[in-house]
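Listed below are the structures to be examined.
You will see two complexes here that share chain A, one where it goes with chain B and one where it goes with chain C.
For the complex of A and B:
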């Protein structure tokens, strides 16, 4: 098991390297100027040349990449062109803000989606199943930016029950989870963010449960005289590995932040940071954020793989 | 969108959340706090000349800092285009014996926010800070932001404690306008933070009417009044100014309606009726902005004046105004009509049959053209529906317009690099500020401004106009210069150097609790007279 863990960690290194090469290249393939943020639209060619030199963007791309990579391995992600703050600080603050959303969205999505799916799968083909499956399809199909705007119109604009935008009355630096005046800012983005994972998990769980219920061992359990509740427990446990894999992906999605949801609610998370970095062509922030998010996905998949083994002993890790 | 308000549902929610819950709106409406929802995607930088376009200047630049010449944004000037007035310089004149040397007499008794005195040495220090890569105080970020406005200045020198001289490469009668965009920062504070501009950004020090108080990165910046401001008439009336970046128009509108902010920039036209019905004040005024197409004069149909004129005749600007719910002025020239040097330019009234005749005479029917446009961007108004309307009108008059949308950054790159690098485009749709004579007119048609050196994207060149521009730069008598500028604008219209479409009216929506704001005909606005009811 330890060898397996070490091997997986080693696998993560080339993946991170590959992601860094791809993200570095993609940023430069896109049209636009990495110094657009710091230069007015009418900057002359001469000014651009001086500033490019000052920021090191006049060097050949492979050289820029190697300089960047050399810094990254020592923990120095560089400075944001737009804000002049260390990229590490920018990315870590944004990830922490997104993690706060995920902290509430994950249990909401996983619990609701799993319960809905389990109920639908247990009553496959009946009206309960049809209602729950219909609701799940709606959840998956609703564009979350649209849902976010509708929730804002209803709960912030019309009823004035919840705030429309932002992270707390004084921003993320003063955010206090123990104060309702702060916590209320979480509700609409959390609900919006959780909606799609709820739908996906409900559908996945429903399919897994329905499939397991048709297996022979379930008939055997019933024949042995187990109560329906005990049978259901066995069914749910057997359906879990499949559900867990999807949960892992959804956890990565939630932790990675949603550009659309965070933009609609002006939530200063990783998705919001990424969208600003793209618009501004803030290359150091873009590279740092993509690298961090890719590592989040790699780590999440790794943890899910590790969890699957104790849940399903049939899966062995060598 | 109107949502029904069943009383029962409202009661249930209210009960569920409890009577002690402070509603979102209440928290943001402390007495005397002006909370502005900006269109900017991020907080403007605070190290001098800001980023985030002129919105950065409007809310951060001119509030923390001053320039030697400021813009007159007062109530008395609201019915005409804004002009420059003395700022940190009390007066200025060109050297009588040398028309390439400007003398600026500085205001006395001005202090930086950090308590140091403002002197001539500070102005010279700021010059090297922005221009000289060898100086210890040099900041490449400021070179990028400020050099555009100091292009003609080669040297700054101290004459005495309160007098400075600037030497220019050529006689430049417009130099005071250029200095109006150059914001001065405190050398005391810069030295205190050892020229660490990241540190300076957190503790900026200017001479402006507001002092920096705090900022949550990317989220909000709070400024407080500078009670010792040198212009006592402009000491802010509100207790606090909070700036919140909200790039999404729907988010800004919702935040205003929910009471989280009490001022939003640029509400979308389709939200105006909803905002009005909620009692919000919608404020508009013409301002120096144009929404046009800059044309390719190197190759393609627009090298022919008749085709350029045909494109202008093809447009129904009244239809465009209707599309924008009335939130624009019909664009018939590079300048809005309230500009002092607007004159009597040739107007291209909507006449599709005349457009077709011109295209026939130019042997370009159907006349295939490709426009580079953006999906959004600073000053671009509603680029997609507006461009679609232009396309349909031009197509109906004999053109065959192909729109190539790209994001704002990519379009700026196309605009900067010029027609030589992007010959596939016959026009680019980049909105421009027309606040001063150089930016309004000269840069679009002057041969030395050919991109990538300047903003003449399509490489327009006309010896007569170049001669006129040289005369403008050399004319130091304001009235005589005004006549020359008027002549230039009229010539630009006669030549149809652009496809003129619209001028924005700078809409903003204010809570009914906001008082005292008068919108100047400028990209910049004075927030100091504004007060907010608790």
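For the complex of A and C:
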């Protein structure tokens, strides 16, 4: 087990390194000079050279990358061009808000999707299966930014039950989970965010469960005289690795993919920060947010890999 | 009577070889790969009693593609949604012919009008432009941004995957580990990051989406190739003196195209959603070009005035995406591809 954990860590390191290379190069795939946004348009060649030297842009790319990596490792993501605040602060505040959404969206999506898929898979071909499969296709095909707008139209514009956008009354961002006036802002974004993962998870679980039910050992269990409930337990356990893998991916998508949903609801999370950074051409913030989110994603996949091994001991030897 | 249909690779069977007898034989030999079974459609087998079929004279066994078409023809749901996709594509292609108004014609008095206002069946947008015409024209950009990245990514990713899977060893490890790095980004995030850094625009958006789809495409092709490479007929081909290029062209590609095609078809819906998402964030086409994502984003401010008109572009995205998904599911079932 320890060897397995070590191997997974060794495997995650080059991935994390590759991710930082990609994030670093984001500045350089931008058209024009990376300094274009900070320099006044009438700056002389001499000033540009001085600034370039000060920011280290005159050094060769690999050296620049190592300097950047050294700063990032110590938590220095640079300064936001738009707000002049440290990117680290901006990103960590935004990540906390995104985590708040995920805290509710993840259990909602995983529970609903899993139950839907397990029921459909157990009754493959019956009407329950058809209903769930149909609902899951709708979930997968829904543009969540549109769903968000439709929910706002229905619940905020037409019936005025829930607030349309923001995180708290009068634009406050101090969130208190015990107060309805705050919690009501959560409901629509959480539901919107959960919709696609519900669809994907229901489809995956259904396929996995239906496949396992067709295996020979299920027949053996029945022949042995196990109750249908006990058989179902065995089936669910054997379908778990596939489901868990997708859950890990979806967790990452809930964090990273929330950009569109957060933009619709102007929820001040990482996705909203990212879309603001894009509008302002604020490359340090863009870089920092993406690096932070993808490292969270790498970490999630790492945890999922570790969780897989007690469920499916075979993968330890693979 | 022995049935060789399960031993002959699918590619060879497409030409239509004459097997000694029909259905019952092909059901005896169950090949590992479901696609190597030709023509043994379960439904058909059960409609006739077995003895009756044995008495029949030798008939032509349906080839792989014939059985795929047979199954598609008997799948009304898939056909229905495929028809809708065709209609949407046709509407986008023939937009100048069927759009009732000029999608760029603005009108100061006719801004944000509800359905059916003065001959505008779906109302008007915030600049008084006809919604129906803009939706029809908008399909052009949205469909293009949805389909082109998938096509390009299937070519690049498929090629990388086949080469990597066939060569194996270090070359494969190098390719797949590079792909793993891109896997470490959630897809929406990667698309937004690349398009955002490059500054938006239609070409950059398509480029970003292509980059997002190459790694999964590559993985699908690699997995399929690795599986095929281990099968006996590849070794047989090599033993009979076939060159590597010949083996890849005839034996590997013939069998990898199925999974790659099915996966690509399932990506079209994702790509349409993502492309419209990019436009929604302002990273796609620039106004005033009609595009569903962009229209949704600009109309968002007007949900208090004409809520249902504002929801229309998103509805168009949704319908297109769900139809593509259902067609892809139908194709997967008909081609019997498992991934």
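Convention: the second predicted complex is superposed on the first by the 258 of 318 C-alpha atoms of A that agree within 3 Å, B and C clash if a C-alpha of one lies under 4 Å from a C-alpha of the other, contacts with A are read in each partner's own complex, and residues count from 1 in each chain.
Here, contacts are C-beta pairs under 8 Å (C-beta built on N, C-alpha and C of every residue); 3 or more make two chains touch, one makes a residue touch a chain.
Here the structure is a predicted model, which means the values were calculated and not measured.
Enquirer: Which partner does A:73 reach: the first (chain B), the second (chain C), both, or neither?
Expert: Neither partner.
Enquirer: Scan A:157 for contacts with chain B and chain C and give back first, second, both or neither.
Expert: So A:157 meets both chain B and chain C here.
Enquirer: If we overlay the two complexes on their shared chain A, which of chain B and chain C does A:276 touch? Say first, second, both or neither.
Expert: first
Enquirer: Touch test for A:45: chain B only (first), chain C only (second), both, or neither?
Expert: A:45 sits against chain B, while chain C stays out of touch.
Enquirer: On the A-aligned overlay, A:264 touches which partner chain: chain B = first, chain C = second, or both, or neither?
Expert: both
Enquirer: Just to be sure I read the superposition right, which of the two partners does A:90 touch: chain B = first, chain C = second, or both, or neither?
Expert: first
Enquirer: By residue count, which of the two partners contacts chain A more extensively, chain B or chain C?
Expert: Residues of chain A touched, chain B against chain C: more for B.
Enquirer: One more residue to check, A:149. First (chain B), second (chain C), both or neither?
Expert: Touch status of A:149: both partners.
Enquirer: Can A:10 be said to touch chain B (first), chain C (second), both, or neither?
Expert: neither
Enquirer: Name the residues of chain A shared by its contacts with chain B and its contacts with chain C.
Expert: The overlap between the chain B and chain C interfaces on chain A comprises residues 30-31, 149, 152-153, 157-158, 263-264, 279, 281.
Enquirer: Could you pull out which chain A residues touch chain C in their complex?
Expert: Going by the criterion above, the answer is residues 14-16, 18-19, 21-23, 26-27, 29-31, 137-138, 140-143, 145-147, 149-150, 152-153, 157-158, 252-253, 255-257, 259-260, 263-264, 274-275, 277-279, 281, 283, 286, 290, 293-294, 297-298, 301.
Enquirer: Mind listing the chain A positions that touch chain B in their complex?
Expert: 30-33, 35-48, 50-51, 54-55, 79, 82-85, 90, 93, 149, 152-154, 156-167, 169-174, 180-181, 184, 263-266, 268, 272-273, 276, 279-281
Enquirer: Which positions of chain B touch chain A when the two form their complex?
Expert: Where chain B meets chain A, its residues are 1, 3, 5, 10, 13-14, 17, 21-25, 27-28, 41-43, 45, 47, 51, 53, 133, 140-141, 143-145, 147-148, 151, 197-198, 201, 216-220, 244-248, 250-251, 254-255, 257-260, 406-410, 412-416, 430, 439, 443, 452-455.
Enquirer: In the complex of these two chains, what residues of chain C are touching chain A?
Expert: Spelled out, the residues of chain C in touch with chain A are 177-178, 180-182, 184-189, 192-194, 196-200, 269, 273, 276-277, 280-283, 296, 300, 303-304, 307-308, 310-311, 313-315, 317-318, 321-322, 324-326, 329.
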